[in-house]
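Following: one structure in structure tokens, then a few remarks.
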Amino acid sequence: MVEGLNLALTQAMEADDRVVVLGEDVAQTGGVFRVTAGLLDRFGEERIVDTPLAEAGIVGSAIGMAVYGLLPVVEIQFDVFVYPGFEQIVTHAARYAWRSRGEVPASIVVRIPFGGGVRAPELHSDSPEALFVHVPGLKVVCPTTPTDARDMLLAAIFDPDPVIFMEPKRIYRAGREEIPEEPPFELANGKVDSDLLSRARVLRTGKDLAMISYGATVPLTLSAAERLAADDGIEATVLDLRSLYPLDVAAIIDAATSCRRVVVVHEAPRTAGLGAEVSSLIHERAMLELEAPVIRVTGFDVPFPQFANEDDYLPSVARIMAGAKRVLEY
Amino acid sequence: MVEGLNLALTQAMEADDRVVVLGEDVAQTGGVFRVTAGLLDRFGEERIVDTPLAEAGIVGSAIGMAVYGLLPVVEIQFDVFVYPGFEQIVTHAARYAWRSRGEVPASIVVRIPFGGGVRAPELHSDSPEALFVHVPGLKVVCPTTPTDARDMLLAAIFDPDPVIFMEPKRIYRAGREEIPEEPPFELANGKVDSDLLSRARVLRTGKDLAMISYGATVPLTLSAAERLAADDGIEATVLDLRSLYPLDVAAIIDAATSCRRVVVVHEAPRTAGLGAEVSSLIHERAMLELEAPVIRVTGFDVPFPQFANEDDYLPSVARIMAGAKRVLEY
Amino acid sequence: MAAELVRYIGDGNRVADRQPPEALSEKDLREIFRWLTLLRAFDERAVALQRQGRIGTYALYWGEEATQAAPLYACEDVDWVFPSYRQNAIGILRGVSAATVLAWWRGYGGKHGFWNPREHRVAPICVPIGTHLPHAVGLAWAAKIKKEPVASLSWFGDGATSEGDFHEAMNFASVVKAPTVFFCVNNQWAISTPIRKQTATETLAEKAAAYAMPGVRVDGFDPIACWEVTKQALDRARAGEGPTFIEAYCYRIGAHGTADDPRLYRDEKETEEWRPLEPVGRMRAYLERQGVLQPTEADQIFEEARETIAQAVREMESIDRPGREVLFEHVYASGRPWSFDEGLEELRAVSRPAEVRPLGPQPPEAGTGDVEVPTGETP
Amino acid sequence: MAAELVRYIGDGNRVADRQPPEALSEKDLREIFRWLTLLRAFDERAVALQRQGRIGTYALYWGEEATQAAPLYACEDVDWVFPSYRQNAIGILRGVSAATVLAWWRGYGGKHGFWNPREHRVAPICVPIGTHLPHAVGLAWAAKIKKEPVASLSWFGDGATSEGDFHEAMNFASVVKAPTVFFCVNNQWAISTPIRKQTATETLAEKAAAYAMPGVRVDGFDPIACWEVTKQALDRARAGEGPTFIEAYCYRIGAHGTADDPRLYRDEKETEEWRPLEPVGRMRAYLERQGVLQPTEADQIFEEARETIAQAVREMESIDRPGREVLFEHVYASGRPWSFDEGLEELRAVSRPAEVRPLGPQPPEAGTGDVEVPTGETP
């Protein structure tokens, strides 16, 4: 995924000099995860900046740049460190369009490497996406493949609205694949393919069970689906949400109604997480077509643990299968 | 409600000199909403402090005071202004017990007057409760009556864990009632009645419909229930959640199963709001006992509007009844 | 330590006047005066409208006109300004309709209560204290990157200097040498909190040292002085020498807002001592002493200002309350998510609540804050 | 402008030694040296453990021992200290088991990886930059309210001075005259970001002026100087004169962390010029020149330190990985919400994932940050 993100930034900065990158340690070293590697040599220190260590200052400056007409991309070093910039995102990025007759949206992208599973020290593994999904005025997306990462980041950059771009750091280097050189839409004419920021993707189709997930739990959900097929002949549809706000309600309801049994999987704590929204949408619209209630397999309502126990916290293939069994045997 | 809050603070400070109050304009004037009126004369400027204008500093200082052994109560002037202090609440207040073998919880109360309906200028009317409910390690409560305000604030102050105390400012001066002088538990011995921070309250019982709400929409939900009874002979159970985390799942499921039809009402935006969690819990545990899916009547996924349109945004008795009808006629 | 206070206007008595700076022609001086009267007329009218319940809570700025009109006059037309709620009417000096600003206070949104910031290079009114400062820095920084001769100026209060965003903005600006001016209106009060509870420093200008930034102190009731220090700061910014912090020392003569009663927390005798220094009358007297303005002219300029605002009030009141669809307008520039149509449908299925009257004036004991205290009536 | 650098230890050559302060007995000097060796032994061992994959990513502090041991030695036992990840082992000088600190880096939680802060007056390790400063201020403020002679001290880096929390903490402390010391370790780097990209000021001590607070500069590689300036600041704090900001000027000789490769962003020739100034060897040479310590003694103190840590490593490795129930422990001091039992039940229904090995060392090109770069293997 890292190479996809890097390619998107390179292509965006190449195509449009309004695109700038701000963050801690992004320029000289190419970032903690090397997502911005090579951009300094190519575009110079005016367009990719190692900022002072202050997230509100970074996000706030990016908003000001957007007001002037630039297309800033902010890197937050790790999930938890977005909280000092939370105020700027919620009261300003999310409301600038609304506060300016729609004429001056805060056209920024806030890239957030998030989630656990990388054996990081305390406070480097949060999954805060639901906090942003609950804030009107933001778009929140989360790619899971290198090509989606490239395509969705390009769309996020050229989309006029503020986009919280959640990057599942655990799968940063998973699923290597050939990324088509060709961008998914014409970068020059500024017309973004909005599907890239609003549509889920069906990764597998089956009629027995709908498995809905996003982020780092998507590959795990797929493995669970394969195991279910191999072991029990259960054929599951697997949906990668990709867009967390707005949710692709059509795809969600379609999967739910065609399978009549649904499990939702995410890494974030359960209570008031995204799983609750997906579950509610499905019941509100299709309860009578369900054979069983939607089951959530998620992180627990506890602080993300120290890493020696993170595998106990994270939804595993086994826990996803157990959840699936509960729905299937309901 | 204001008098209940003021009484709780007075009784707590009277009973225990570890209790201190911090906030903007709380001392000299008794706060924007007069909740802390009279405390300065009574307890002096060391125990009730007009702080500099900086929410992270206020919440962070309160955490440090709690580590030393005090019981600080913080007033956030208006909902939106908690965001600069969000980082302190999420990474520290919520995790101090966990990070200290449970020996040093951040025993603070963060009082947040929240919500709309008071004709306030922009950014004075948010309902951010779901953001805190999603953060493990916090307790989140919301009283709706003067007596509950007094009793629950006393419990929040003497409870060892950090409590986000949501105050529906729209009903600050509604529902005047005699508050019993006697505290709900013995303040001296430090044993808090934990029900005060974990139990919902049944305000009305009926068998046709369960109406679940919290905060400023509770009185509206009650009026809707009365209207349904008068106009259509529909008898509804009305549940005031009071505790938003943890949720009183027993009371929720009880209401849902005994009525088989449920509507959830809140003012916050719908997506990933508390209504989604309540709806999911009910479907997960009682779907087969429902005649209809749980319906949410909530604010919309938009920035809280300028006040001339806030009544269009806020769930009204009419919208609640319409929601009820949808469930009843399902 | 404390920089001395820049001042031009004397008291026509013991304190002597200084001649206006070369760069300010008589025409300029008259124009600045005209701007002052427009702001004054707006403010006084807005307070009256609130008392009559025709707009909601209002943050008056009576006495702070010099800190608003003069710095703006020092700006080039391409420069951006970032007001707080206290400078809510600044846009009317940049072509924003006064009716739009009044409509904002009346609780109107969409195209009625907001303007297009790009059209006027005036950012939207910022409510959360100090949070607009990083925007002003980012905008100036962007102009620098684009090598365009644009600067920015932000207004904020003494209380705002306590917020983390103030610090981060000051630091970013000085590190990247952003062409921006931090214009701090030290009116010595943050609602009921006096400056001595806000900072341990004697002055606010001292704080600039933490960023290797020049810190200037100016008489905030002196329009000429406010113009001059801002002009110098802007020239410096455009010359690539970086940001400047300006402390405009004055006093909040009015209440914090129409819902605030200062008698609860300060001795209004002190206020009365400051009142004679208010900038509009002082500027008028100065210009008359300088022979730049005749008394009759001055009266006429005032008259025109009041008429302009009266016209704006009529305009504001001719606007219908926005329809329900306004809730869903302009939330996203790229289009409407599916939930918006469902929301509108849900709204349309019920009859609309009655017209909202902004709450009227309130008893002094009721509150000291930003809003009229809720009556508890539920819609 | 820039305060001059307080220094005691010369180079045994051109730069002359100063005599140790009266207040420090030979016993004190030896004890400070012993503390330095304990921290050094811990740090070197921890790096080795990480290379062997026996603990996870580790934030080394090689060379910063003087900025840690000396200020702590200046504290009274009742004083609280607030470390960042860089002072992760400070607790071992206050009775925290070194095994507990190592277990924290091994990814253990609960009672294995955390200590009871009240027992040692050592706050938990703070990871989010600068966010613990308000805690140190609040604690000192609380002691002041209780009229108890307790002070606090917080450690943070040059980069932390850019965060809003730093500003708010400094301001609160000076306004309420909290008895606290801000000990800033200016090692000139924030991961790959050099100090000149962090601030426009020449020194960090200058920033104290914004809070009317004394700003002191000290040689961060000189334990005696670090002790003295801290002692003076603490005396001042206890005398009710308020907080002090100390800039300990030094250099980050090591990498930011074990996952960081400084060659990507700095010329290690510069690092080599600083290395000879590292405090442990320098203190030893000084004490030998002062005749306070014999070479053999010094070796023996080192030996003991290494043995103490070796013992702690054995202890750490004797601890089993915490069970699954640890997830739900200590989240609330008041008890467990109902969802915890359901969570544990859900966990117990499936077999447990295999033992976690912290990821081993990684190729330099892989990353520069706080964690080993994920391999992408999913559990």
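Per-chain numbering from 1; labels A, B, C and D assigned in written order.
Keep in mind that, in the parts below, contacts are C-beta pairs under 8 Å (C-beta built on N, C-alpha and C of every residue); 3 or more make two chains touch, one makes a residue touch a chain.
Worth saying up front: this structure is predicted, and the values here are computed from it rather than measured.
Interface comparison, A-D versus A-C: the pair with the greater number of contacting C-beta pairs is A-D. Distances between chain centres, each the mean of the C-alpha atoms, put D farthest from subunit C.
The centroid of the Cα atoms in subunit A and the matching centroid in subunit B are 30 Å apart. With centres defined as mean CA coordinates, subunit D is found 35 Å away from subunit A. One simple way to say how far apart two chains are is to compare their mean CA positions; for subunit A and subunit C this gives 39 Å.
Inter-chain centre distance (subunit C to subunit D, centres taken as mean C-alpha positions): 45 Å.
Counting partner chains per residue, subunit A shows two or more touched chains at residues 51-52, 54, 56-57, 80, 83-84, 87, 91, 98-99, 122-123, 136-137, 245, 271, 300-303.
Shared interface positions of subunit C, i.e. residues touching 2 or more other chains, are given as 109, 127-128, 131, 162-165, 168, 171, 175, 197-199, 331, 337, 339.
Residues 56, 80, 83-84, 86-87, 90-91, 94-95, 98-99, 122-123, 130-131, 133-137, 245, 247, 268-269, 271-277, 279-280, 283-285, 287, 290, 292-296, 300-303 of subunit A touch subunit B in their complex.
Chain contact summary for the complex, subunit D toward subunit A: residues 56-57, 59, 85, 104-109, 113, 125, 127-129, 131, 159-160, 162-165, 190-193, 197-199, 264-265, 321-322, 324, 326-328, 331, 337, 339-340, 343, 346-347, 349-353, 356, 358-359, 365-379. Those residues of subunit C lying in contact with subunit A across their complex are 80, 109-111, 114-119, 123-124, 127-128, 131-143, 145-146, 150, 152, 164-165, 168-169, 171-172, 175-176, 329-335, 337-339. Residues 24-25, 28-34, 50-54, 56-57, 77-78, 80-81, 83-84, 117-124, 169-175, 216, 219-220, 270-271, 300-303, 305-314, 316, 318-319, 322 of subunit A touch subunit D in their complex. By the touch criterion given at the top, residues 162-168, 171, 174-175, 177, 197-202, 206-213, 242 of subunit C touch subunit D in their complex.
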